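Chain lettering (A, B, C and D) follows the sequence in which the chains are written, and residue indices restart at 1 in each chain.
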């Protein structure tokens, strides 16, 4: 039998998602980082849409729309605005140099796939192996959070982590119950606002968004 | 009937949050805060009584589930939230008087306090693992702003760390939840029911073990961050030390319990499905690690609130260990320890709060002779410390006795480690608290009379629990322990 | 007795309640201190007497039980009063009666709020000790035990404004806590069966442990109770805490609380554990000997009178442990008569020690009030200002030096008899060890006499050294009553050994299965085994000496004259002599320090020959402190400094922890 | 028969008690006389101690201003203790009615009691020499006392009794056995005897050189009847010690109670033994030299060691 078209598309989108995650990991400039994030959101919503179409679940359409609205339009816009307001320096300093990060990233992807292999074996739904990809992208964004030095890039990493999760929630499993998704979405939104508040507070306290300033609290 | 009670329980704080969002800057905001908390407490009592009478119940087309286990946490949460609101009334006034807080900040504080209570109650009563997650996230979000209330660099830093670390943790927990759903939907089919704990609990035998293992790892790491298990604990001391004291009290007194409750729920599922003791062993490992490392941390602390934050880590580790061991006695002991720890620790934080206000610093070298300036604060701190250190006849000793004796029977190798850690903790904490309470003082009196009824109320309860446990309470605990297995 | 319908246990329980109530009253009556001192404390004393009486009554009775509807849900509080507990109750009541009466006078001058608090803690302390003796399950025992520790800690730190006292209190509570942990562990090892119900002593008696585990339990118990008793090397808190505490409290702690530890060891070894091993006895014996010698050596070089007494308590605890060790050995080898003998000696000595040590400690209290001094180097000639205290304390001094016809001698005599009758044990090593042990005991006893001569001579005799108070006043009426009671106890225990031993038989029968009896069936002679072998009659002894004294005195008066002139002291006709020519406390102890030099950690600065104001300063410290405790402290600190590297302040690091934890867990499941 | 035995016992007891009190100064005199002869002096004669006592009793007592009652009672206590000790040791007869009142351990106790009191009395006045003497006395005794106890242990382990009468009985009535352990014990006992009775090489009874004296330093402040009693007590002590030695090591000739005729023999035997012992003591004192006070502990330590060694040997050889 040949794999149905929808599944092919979803797999394609999944790989694009992973690709974008890598791109973000290697990205040096904040603006394009945010754009990538927006793209990731787009991919996410499309894949959700496809899943919704193929499994004919009404509420997945909603969540696809929600994703489109939130992750592609609102959040990037907010971030852009923040950057303009706080006129952050354009480029991102990383703690570990990019190539090393990439290598670790690849290792992580392999790790994630191995981990997910047994699971995807027993999944008879249309979306085999997507768990692995979701897991990989989650781990990648986590890695990105560890390696980035600016508050904003950390936040973006955090949000893309949420994207990975969302992908797992919608595509890998045919969508969580709607209540949950709404809740999640709400939380993400609020989180972003609070992040925004923090940026301003941090900015006015440390007059920089470099979180290496915030290493005073420790045991010595 | 019961759904009404639940509705009241949940809506009161929500509504209160709304009210205070409007009137938060009025002079009587504090009283309103206490009032709402009191109403919540009443609702919780009513609910508890009902559940004890009629056993576990599900309401609102199964979205909410109340059994002996979470209802006891609900009661505890409502009670401590109430006493804390009583304490925070004069405390915050004094802070304002010292010019540390502005009215807007208080405004934020009061409304957030109510919302925080709401999220915790939601997380406790929700039946849907997804909703539990949402509530936990919301609890984080509400407390983040409370931690950074003072807007000092330190508090900002603490809040930021708290936010990021717990955010990440929670996100991982979400992944765990998704995996859970992924496993569940193949048994329970698509749609709403697949995340309902009650249903999952019924079919836990058929759930796919490999997935659940994976899921539990994510859930444990996720919620474990919130419990403050070593090595995920890093945010905890900062947040406790830099936030306002009432917030520290509710954080370590309540939020940690709520997170632990979530972990327990998933543990029940996972071990049920695996038929092994996988989750239990993981929890025991984390618990033991937390106890030991926290004990080692204690002796180097300079900041008093930080020190007691570490002691919270230690006790959470102990509880996790107990729950990990499982079995009726250990689980019983774990819940008992949850109770007494919440009561004692919040009492300690109350006393510490006033001690800090009197001496104007959190650095322990500069807090001296509390007995001299105010015996109540001094004795409150001293007795609270002795209680938390597991000195009989306080209740903490009772639960520790149960935990240790059970461990001695089931896992003899663990007991010396535990006891040595407890000994180190004793030396560290008591050696630091003693000069704070005794000796000559440098502190100054306060503009407002401190509220110390909560302190002694809590300590009295703990003392009673150590000497005499009312039969119905014991039965209640037993039933809950039976539920958790 | 059951015709009355009241069991001894009920009475004791009532008294304990009464004590708690009195304590609370004390707290309430803060504003009327005179009532606290002159009403509540005497009432507490009477209650104590009731306890002693009940103990005496319960000695003959069967064990009586009670279960309180309290404690843990599945482990209610069990109480049990058997002869062993009864004996220690007698000890508790008898000694604390005197101490409480003394306290009534001693705390008179204290200010209200402190006194109220102290009254509460004091009676809580008494109640705690009584409950320790009654406890019949692990939880009850631990609660009582720690209540005792806590209340005594607060009593020790009564005067908490002095940093040293705070330090002493902390050290005390810490070591007590460590000991409690060990005790808890040993209970855990001894638990019988499954579930929390296995922690009743009854269940433990039923659980017949394998040799290995019962040895573990014994060692843990020895450690735990040794920490409370001041056994080497866990003694360090004792010489700090006893001087720090108010004197009546030191009296209670040293006289009674240490005995609860002895009680614990006896309870675990002979009651809860079904079989003993011979090497336990050897271990206890060796530890006891070391402790005894160590204690008395350090007592000899002390300058602070209460420290001196504290060290002598360590010595006596050592002797008691020697007795226990002997008992174990004999019991294991089935020589029950000898076991009974040495056990009798042990119990007798703990009773004696309770009396004379309390006596001496409260005596130092009176001295402290009179002179405001604890340093013997500034005392002297007090016998002329405080005759009551002087005479009564002389009794205590003679008793503790183990001199006939006082009580200290009887127990030492019994102990030495036990040694003398020992040969014929199957194990040749022990046969070799025992005479040496006896020698060490004799040495310790002789040294004790040395110490006490120093103690009494420096404090009460000679000329006043230094600038102490001009006119020290004698003890008040309450204090005198207390002192009288205790010294009477010393004399009575010394003169009526036959009766006491008869009572003790009831205890030894329970523990080692047979009593001593009295071979010389008569009240006059104490003959533990056989009148042919050994006998002792303090009464005849006393009468003879007194008679001779009387006769001589009269004869001298009659045949010659009783003329007497007063004049300046001759002292080989040295012209300019002053008080500074007498031995100081350090001077008197100096020979000991010189002989046993390697045991001390001595730092002393001697004045040069041409010093116009020569000042000698010397202190001898405990090597163990530097060799054992400081290293432990350092190690812990090192560990914690390693731990604190975790908390490095960098959020990236923290995220990495989360990440690493996740990956590791994922990799390994 | 029983009553007869009892009365006899009482009679013997009385007779011994009086005898020892009467005899004690004579012994001292004899020892001094021998020493005089050995040192080519004519000596003061055997009865000199009696004369001294008489003189002292006649004198008026002089007491330091600050002397306390303790100081005044001590001589009597001393005298009482020593007399008791000398009275219950089987010197002329074996089972005296008083002897069960105190076995050897109690005997050591008696000596200790006396010692403690004399030391306290010495510290009472508060002179330099008094406390010096007291300290030295205690220093000597805390080593001598256990040694003595060990000596007693050895003999009582052999005779299975701590009652001197029974020890004596065993040694006299069983067939003669050589006890190597007793040899050690005897050696230790001699040293103890020297030390306890303030004899050279530990102390020098006939000097007032502050650096050397121990016993004398303690009784410096005593005068007249008090001094007399103290002196008498110390000669009693010497007698008691020597007769303990006799009882332990050469117990032959000590009478049973139940026959009259043994009495004269016993007394003569006693006198002979005492004379020999005294002479021996004198010889020792003449040929030994006084040692530094801080060598004394080593000296007594040897005694202690010897005694313990004897004990161990007893355990080893069973003899």
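One rule holds for everything that comes next: contacts are C-beta pairs under 8 Å (C-beta built on N, C-alpha and C of every residue); 3 or more make two chains touch, one makes a residue touch a chain.
Everything numeric in this text was worked out from a predicted model, so none of it was measured.
Undergrad: With centres defined as the mean of C-alpha atoms, identify the chain lying farthest from subunit C.
TA: Centroid comparison gives A as the farthest chain from subunit C.
Undergrad: Write down the chain pair with more C-beta contact pairs when A-B is set against C-D.
TA: When the contacts at A-B and C-D are counted, C-D has more.
Undergrad: Could you please state the distance in Å, as a whole number, between where the Cα atoms of subunit A are centred and where those of subunit B are centred?
TA: Spacing between the chain centres: roughly 31 Å.
Undergrad: Whole-Å distance, subunit C centre to subunit D centre, using C-alpha means?
TA: Inter-chain centre distance comes to 36 Å.
Undergrad: Just curious, how far off is subunit C from subunit A if you go by their C-alpha centres, in Å?
TA: That gives a centre separation of 71 Å.
Undergrad: Nearest whole angstrom, what separates the Cα centre of subunit B from the Cα centre of subunit D?
TA: 79
Undergrad: Any chance you could list the residues of subunit A touching two or more other chains?
TA: Those would be 115, 142, 145, 211, 214-217, 219.
Undergrad: For subunit B, jot down the residues that touch at least 2 other chains.
TA: Within subunit B, residues 160-161, 164, 168, 172, 214, 237, 297, 300 contact more than one other chain.
Undergrad: What chain-chain pairs meet the touch criterion?
TA: Those chain pairs satisfying the definition are A-B, A-C, B-C, C-D.
Undergrad: Hey, which residues of subunit B end up touching subunit A in the complex?
TA: So the residues of subunit B in touch with subunit A come to 63, 128, 130-131, 133-134, 137-138, 141, 144-145, 148, 151, 153-154, 156-161, 163-164, 167-168, 171-172, 174-175, 178-179, 181-182, 185-186, 190-192, 194-195, 208, 210-211, 214, 237-238, 241-242, 297, 300-301.
Undergrad: Would you mind writing out the residues of subunit A in touch with subunit C in their complex?
TA: 95, 111, 115, 139, 142-143, 145-147, 149, 211-212, 214-220
Undergrad: Quick check on the complex: what are the subunit C residues that touch subunit D?
TA: 380-381, 383-384, 394, 398, 401-404, 409, 413, 416-417, 419-420, 423, 431-432, 435-436, 438-439, 442-443, 445-447, 449-450, 452-454, 456-458, 461-463, 520, 525, 527, 531-537, 540-541, 544-549, 552-553, 556, 559-561, 563-572, 574, 577, 579, 581-583, 587-588, 591-592, 594-595
Undergrad: List the residues on subunit C that touch subunit A in their complex, please.
TA: 644, 646-652, 655-656, 658-659, 662-663, 666-667
Undergrad: Flag every residue of subunit C that touches subunit B in the complex, lowest number first.
TA: 69-74, 113, 138-139, 142-143, 145-147, 150, 157, 160-161, 163, 166, 169-170, 173-174, 177-178, 181, 184-185, 188-189, 191, 194-196, 198-199, 636-637, 639-644, 646-647, 651, 653-655, 657-658, 660-662, 665-666, 669
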